[in-house]
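Okay, handing you the structure first.
Residue numbering begins at 1 within each chain, and the chains themselves are lettered A, B, C and D in the order written.
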Amino acid sequence: MTSMRVAMIGYGFMGAAHSQGWRVAPRFFDLPAAPEMGLLVGRNGGRVAAAAEKWGWAETSTDWRQAIARDDIDVIDIVTPGDSHAEIAVAALEAGKHVLCEKPLANSVAEAEVMAAAAARAAEHGVFAMVGFTYRRVPAVTYARQLVASGAIGDVRNVRAEYLQDWLVDETAPLAWRLQKEHAGSGALGDIGAHAIDLAQFITGQRLTSVAGTIDTVVAERPLLAEGSGLSGTAGTGRGAVTVDDVALFSGRFEQGALGAFVASRMSTGRKNALRIEVSGSRGAIAFDLEDMNALSYYDDTAPADRRGFTKILVTEPEHPYVAAWWPAGHMLGYEHGFAHQAKDFVEAIAAGTQPTPSFADGLQVQRVLGSVERSSEAAGVWTAID
Amino acid sequence: MTSMRVAMIGYGFMGAAHSQGWRVAPRFFDLPAAPEMGLLVGRNGGRVAAAAEKWGWAETSTDWRQAIARDDIDVIDIVTPGDSHAEIAVAALEAGKHVLCEKPLANSVAEAEVMAAAAARAAEHGVFAMVGFTYRRVPAVTYARQLVASGAIGDVRNVRAEYLQDWLVDETAPLAWRLQKEHAGSGALGDIGAHAIDLAQFITGQRLTSVAGTIDTVVAERPLLAEGSGLSGTAGTGRGAVTVDDVALFSGRFEQGALGAFVASRMSTGRKNALRIEVSGSRGAIAFDLEDMNALSYYDDTAPADRRGFTKILVTEPEHPYVAAWWPAGHMLGYEHGFAHQAKDFVEAIAAGTQPTPSFADGLQVQRVLGSVERSSEAAGVWTAID
Amino acid sequence: MTSMRVAMIGYGFMGAAHSQGWRVAPRFFDLPAAPEMGLLVGRNGGRVAAAAEKWGWAETSTDWRQAIARDDIDVIDIVTPGDSHAEIAVAALEAGKHVLCEKPLANSVAEAEVMAAAAARAAEHGVFAMVGFTYRRVPAVTYARQLVASGAIGDVRNVRAEYLQDWLVDETAPLAWRLQKEHAGSGALGDIGAHAIDLAQFITGQRLTSVAGTIDTVVAERPLLAEGSGLSGTAGTGRGAVTVDDVALFSGRFEQGALGAFVASRMSTGRKNALRIEVSGSRGAIAFDLEDMNALSYYDDTAPADRRGFTKILVTEPEHPYVAAWWPAGHMLGYEHGFAHQAKDFVEAIAAGTQPTPSFADGLQVQRVLGSVERSSEAAGVWTAID
Amino acid sequence: MTSMRVAMIGYGFMGAAHSQGWRVAPRFFDLPAAPEMGLLVGRNGGRVAAAAEKWGWAETSTDWRQAIARDDIDVIDIVTPGDSHAEIAVAALEAGKHVLCEKPLANSVAEAEVMAAAAARAAEHGVFAMVGFTYRRVPAVTYARQLVASGAIGDVRNVRAEYLQDWLVDETAPLAWRLQKEHAGSGALGDIGAHAIDLAQFITGQRLTSVAGTIDTVVAERPLLAEGSGLSGTAGTGRGAVTVDDVALFSGRFEQGALGAFVASRMSTGRKNALRIEVSGSRGAIAFDLEDMNALSYYDDTAPADRRGFTKILVTEPEHPYVAAWWPAGHMLGYEHGFAHQAKDFVEAIAAGTQPTPSFADGLQVQRVLGSVERSSEAAGVWTAID
């Protein structure tokens, strides 16, 4: 078994999750190559050193270009805010490094196009890029896709998908980078709506072809960040305008004709991380809620009429995706297991010389959906093609 | 105590529910007047006689005009399909009869306007009309409105409302009257979406001012009804076009600015009668599901941070609306109790000489929302004012 | 169709429920005889007259012996406290009246034996007696029995049954008749534990053969009832000893060998009326909770390993017991529907000249289980046969 | 920061969980000493080497006595079957090693007494022992204890605790070591009932003083293990007697007087890992289910009467125990997080020179409860003191 040396750029909350993925994956899965936590990169030398020691990265750097230039690095893992994704990813791919990039792929369709083009060129030389929609790798979600693909629910008739949080209900929450268009690109739509879109397309196996929607900013002004408290810091003095949405409502048309209803909201009081999807089909349905992430509800419309109902399947059996590597039936997995699964799938694809999924092209397509929702919203909500 | 003599026009499924309401209300509530099940009216003499005997109506008639002309009738209760509502209601009001009319008020805004105008004229003479949005009278719903009105959730920030059924998933379900525009006026939108709209406005205490949406017919052709099997009969030979929607998705803007996401669907496999609403506010939230109709979920965002969560309140305590008249705490009420509550509230208002709610004007306003959704759908989903 | 004239003895909370059963059953079910609410009997003339008017009984009497003596009465319906059941029921049966008696059948095994013997003698002459375990007639419960009988869960391996309430958690709740051994015979054990026992035996189709258990009185002293406030009145001055249990825990052995764990508690804070039962079998399981009474959970252990889970069946389909008479799928039934079903089943059996179930012999057997639990408790919890 | 070098004896399923605990704890918590995965010990050299490489242990050994004799080992972590716990733990403590021992502490009260005595002696010299009831360290459980201790539910009135699994429903499951008394000591009672006992005592803060119960073996004979397939292997030829229980039902009396109802069952078809506890108090209640382990239900009986209900608290807020070290609110933790919390708490206590909890004395007390249940069962279920 050879090793696969990773340099991770960025060290926020996502950095902890990715670190855990690299650390844990080889301890539960038999991997064709051993990921090594080689280099952690961030602009603030002191902070990056502390993070590296805490998380167990061997070395640190304050210059991502230098990291990319190193011969002993195989993989660049990008967990910075979206405005730097394109520059880093393109440079890394051109330097022959495999790339794992957190979602959303970029802050705009234009950037995402550049990234996808770079990934396509790199792939010709056996260098691959992947975007990190980890929720695909929650076992219940992967299993939902398998069920739908197997015909268990028949033809898709209707989809409802929503991602509900409430951390912006509080009007005193400060103007963090995620609320600033120049850093985050988008608000609830891009950050959490992107997950709902990816999941809906992933589970149905169908892409959206057009959307109609509205984005809104319910709390339009917030306290500025205190100086020196960082991009996700605490409230200081003064107030500033929130430049991204906090609620996005849209409908989408899937390629085989079904309609989907989408909600991405950070104004859903009491909902902490409720990514929910229900796919209704001609022979059954599936329903999932990330706040109950070890379960999948399945309705079999072909069962005897008196026995029909939603079956709450605990997706913790060895027969279910990823699960056999972990614990006995009935033992729960949590949020970060998706990152271990992502590391496993990435390593396996790279070692096999194949394209890991979701690719940058997949990420670009989600970006295009997001862009079309924004254009629809600007045009009073009219149906808008995704091209 | 005086009596209040009722003639009911129509005897379908809604007729059974209304009959139960009139029968049961005086047995549990102390009413200022005793409703009497006087006269049942339907076009088919044999069938109406059988229904009257089964349900306990004293007399029958095959001519609603005759019923209205009788001096000994105080109330006309209309449970026919929507295409006859306007004619019967207007005639009844002009004849000085109080009117209870099943929802939706009419098949079109134009008809509803005529009805509301007739109701306004009649009210000047102490003759009142009411439209039957009975779900307002599920104790958990009435209580939700009280909670919101009391400030328990603060300002409304976001609403999600959906009414999901699955009886049209089956492609072999025949072309009943509810699928024909000339009889039903509208499909999922008008029949069940109307409930979602009324509930959202009732609970928030706010009206919608504009909407943007799409209606769709997923299964566009169905078996014709067998001859002689009635308007809700069985499948015969031949196929015909479904002329109403079976899925409606729309967004709405409430008068104080919040957005609402609405879904009305008869393509939601496995969902039998899932009328759900969640209202998110600046200080809390409420959530309701008609498939769990004795409960209301309430989130108090002002509770200590470690104790917050959705509280599942069993709305079966004597402190809750309507409940003291029924059973001890923890004993469940069902679907038809709303009709007993409706009968009670109607009788009390009429006896007091006051306008029962929801009025025909309220019904008209819901009709206008429905009409605006249809116009938006025809205009590629653009935001459309409700006027 | 002939009529069946009922005299009801007693007019407490159970009287309202039985009245509703007699009133409503013929309006939804096609019955072979029409129950008539003929005579309401109670000791307090004023109160019984008020109750009769409210509930719609034609006449009243203050003497149950007179009622039994009348020729025009076919059925005696007993809803008094348990200490009077035996005397009334035996007299009624000897007078040739069919009898419906609220559970528990009696306050002691000895009384119940007398009643069962009287019922056996009467049955030889076509006069029948039934005990009112109405929860058997919740559609989800009847359906559970059908599922188990059909082999859907295989052999019974384990049972857990509990009936949890909380109305005695409050130490200031007064010493109502249900807390006095001379009136109620037993406390949580006899009043609600009896339901758990009946349901467990009904659903499994097996009787208990021995039990081991403990009964306890957590709050042993309470305020005396205010004078003149009735047997279920308000707190007055002084305190008295609670002479019945408020918690009962016991194990039972079913005739085919499985163990059952039983809890009857009025100290289960927050549980209002949680009658729950789970039957685990060699091929599946069923679970029911009266606080979610329109659903039955079913686990099919023969399903593919990846699709197993508890299916929440909404027992509101026309294929389910009793349901076709009521509303469309997904429309909920409530507490009192069981009383309509009881009236229907009783009338049908009597009209057919057959023994309605559960019989007094069935009620006696439950009484014997209760008696054995009490004897076990007195004997430090040892296993005690039910004979 | 100094290091703390661990040798782990045993490498079954529990070994994977403990390894993950040692590996992950220092990456999320700031620990006073760094645990090092030094030495993995097992009898089969090949297998232990494979496990060590997979899990990341630096060295291996096939002789636990040698491991204990090494100077560079600080902690002995015992994850072998129960029959070897006493010998290893006592030797380790006498050699001056801190000990973490999986539950149940031993296979008998006698062994547990020896262990507790050894631990008491060692503690005088600053050498400490702890038993691994990790479910105490699920945040929702720790939080439940805090709530109860804070008076949030008042005085404890009743407890119900059950641990339900179904892996023995299948009659073809082979006679693994957990089904053999000589290896496992006890069956469902000792393996999972022990968790229910520990949780009930931990959350209430009260010990059981007496018990009355019954243990049973529903499936009494099973296929023998195939030769060479190990102690948890596959079915071979021949059949043998199951010598431990698969169902245990018992009642317990807590020191302040409340009764508890306990069930430990491996015959609960469809229940995979349902460790549930509900504590009812004079002012409120808490309820927990390990199959929904990120939530705690809390009922506040002092809330206004119309707002009472079980609040489902997602125990994922930074205010909750252990949570701040992990992810943002609403992100779920899983089974193995309890092992990271255990490692953290153990390291902190050892570094501080204080006794970690639960101690061996605590483990002995649970063992005595188990022993008393067995004695009660042998004595026809009589109440039996725990001494």
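Following the convention adopted for this analysis, contacts are C-beta pairs under 8 Å (C-beta built on N, C-alpha and C of every residue); 3 or more make two chains touch, one makes a residue touch a chain.
Remember, predicted model here, so these are calculated numbers, not experimental data.
Q: Name the chain whose C-alpha centroid is most distant from the C-alpha centroid of subunit D.
A: Ranked by distance of C-alpha centres from subunit D, the top chain is B.
Q: If you tally the C-beta contacts for A-B and for B-C, which one comes out higher?
A: Most contacts of the two pairs: A-B.
Q: State, to the nearest whole Å, the distance from the C-alpha centre of subunit B to the C-alpha centre of subunit C.
A: 36
Q: Compute the distance, rounded to whole Å, between the mean C-alpha positions of subunit B and subunit D.
A: 54
Q: Distance-wise, how many Å sit between the C-alpha centres of subunit A and subunit B, to the nearest whole number?
A: 41
Q: Mind pulling the residue numbers of subunit D that touch at least two other chains?
A: 271, 308-310, 314
Q: Inside the complex, what are the residues of subunit B that reach subunit A?
A: Listed in rising order, the residues are 153, 157-158, 160, 162, 166, 169, 171, 212-214, 216, 218, 247, 249, 251, 257-259, 261, 263, 265, 267-271, 278, 280-285, 299, 301, 308-310, 376, 379-383.
Q: Subunit C touches which residues of subunit B in the complex?
A: Residue positions touching the partner: 13, 16-17, 19-20, 23-24, 27-28, 54-56, 165, 167, 271-274, 290-294, 314, 316, 327-337.
Q: Inside the complex, what are the residues of subunit A that reach subunit C?
A: For this pair, the touching residues of subunit A are 143, 295, 298, 305-314, 317, 319-320.
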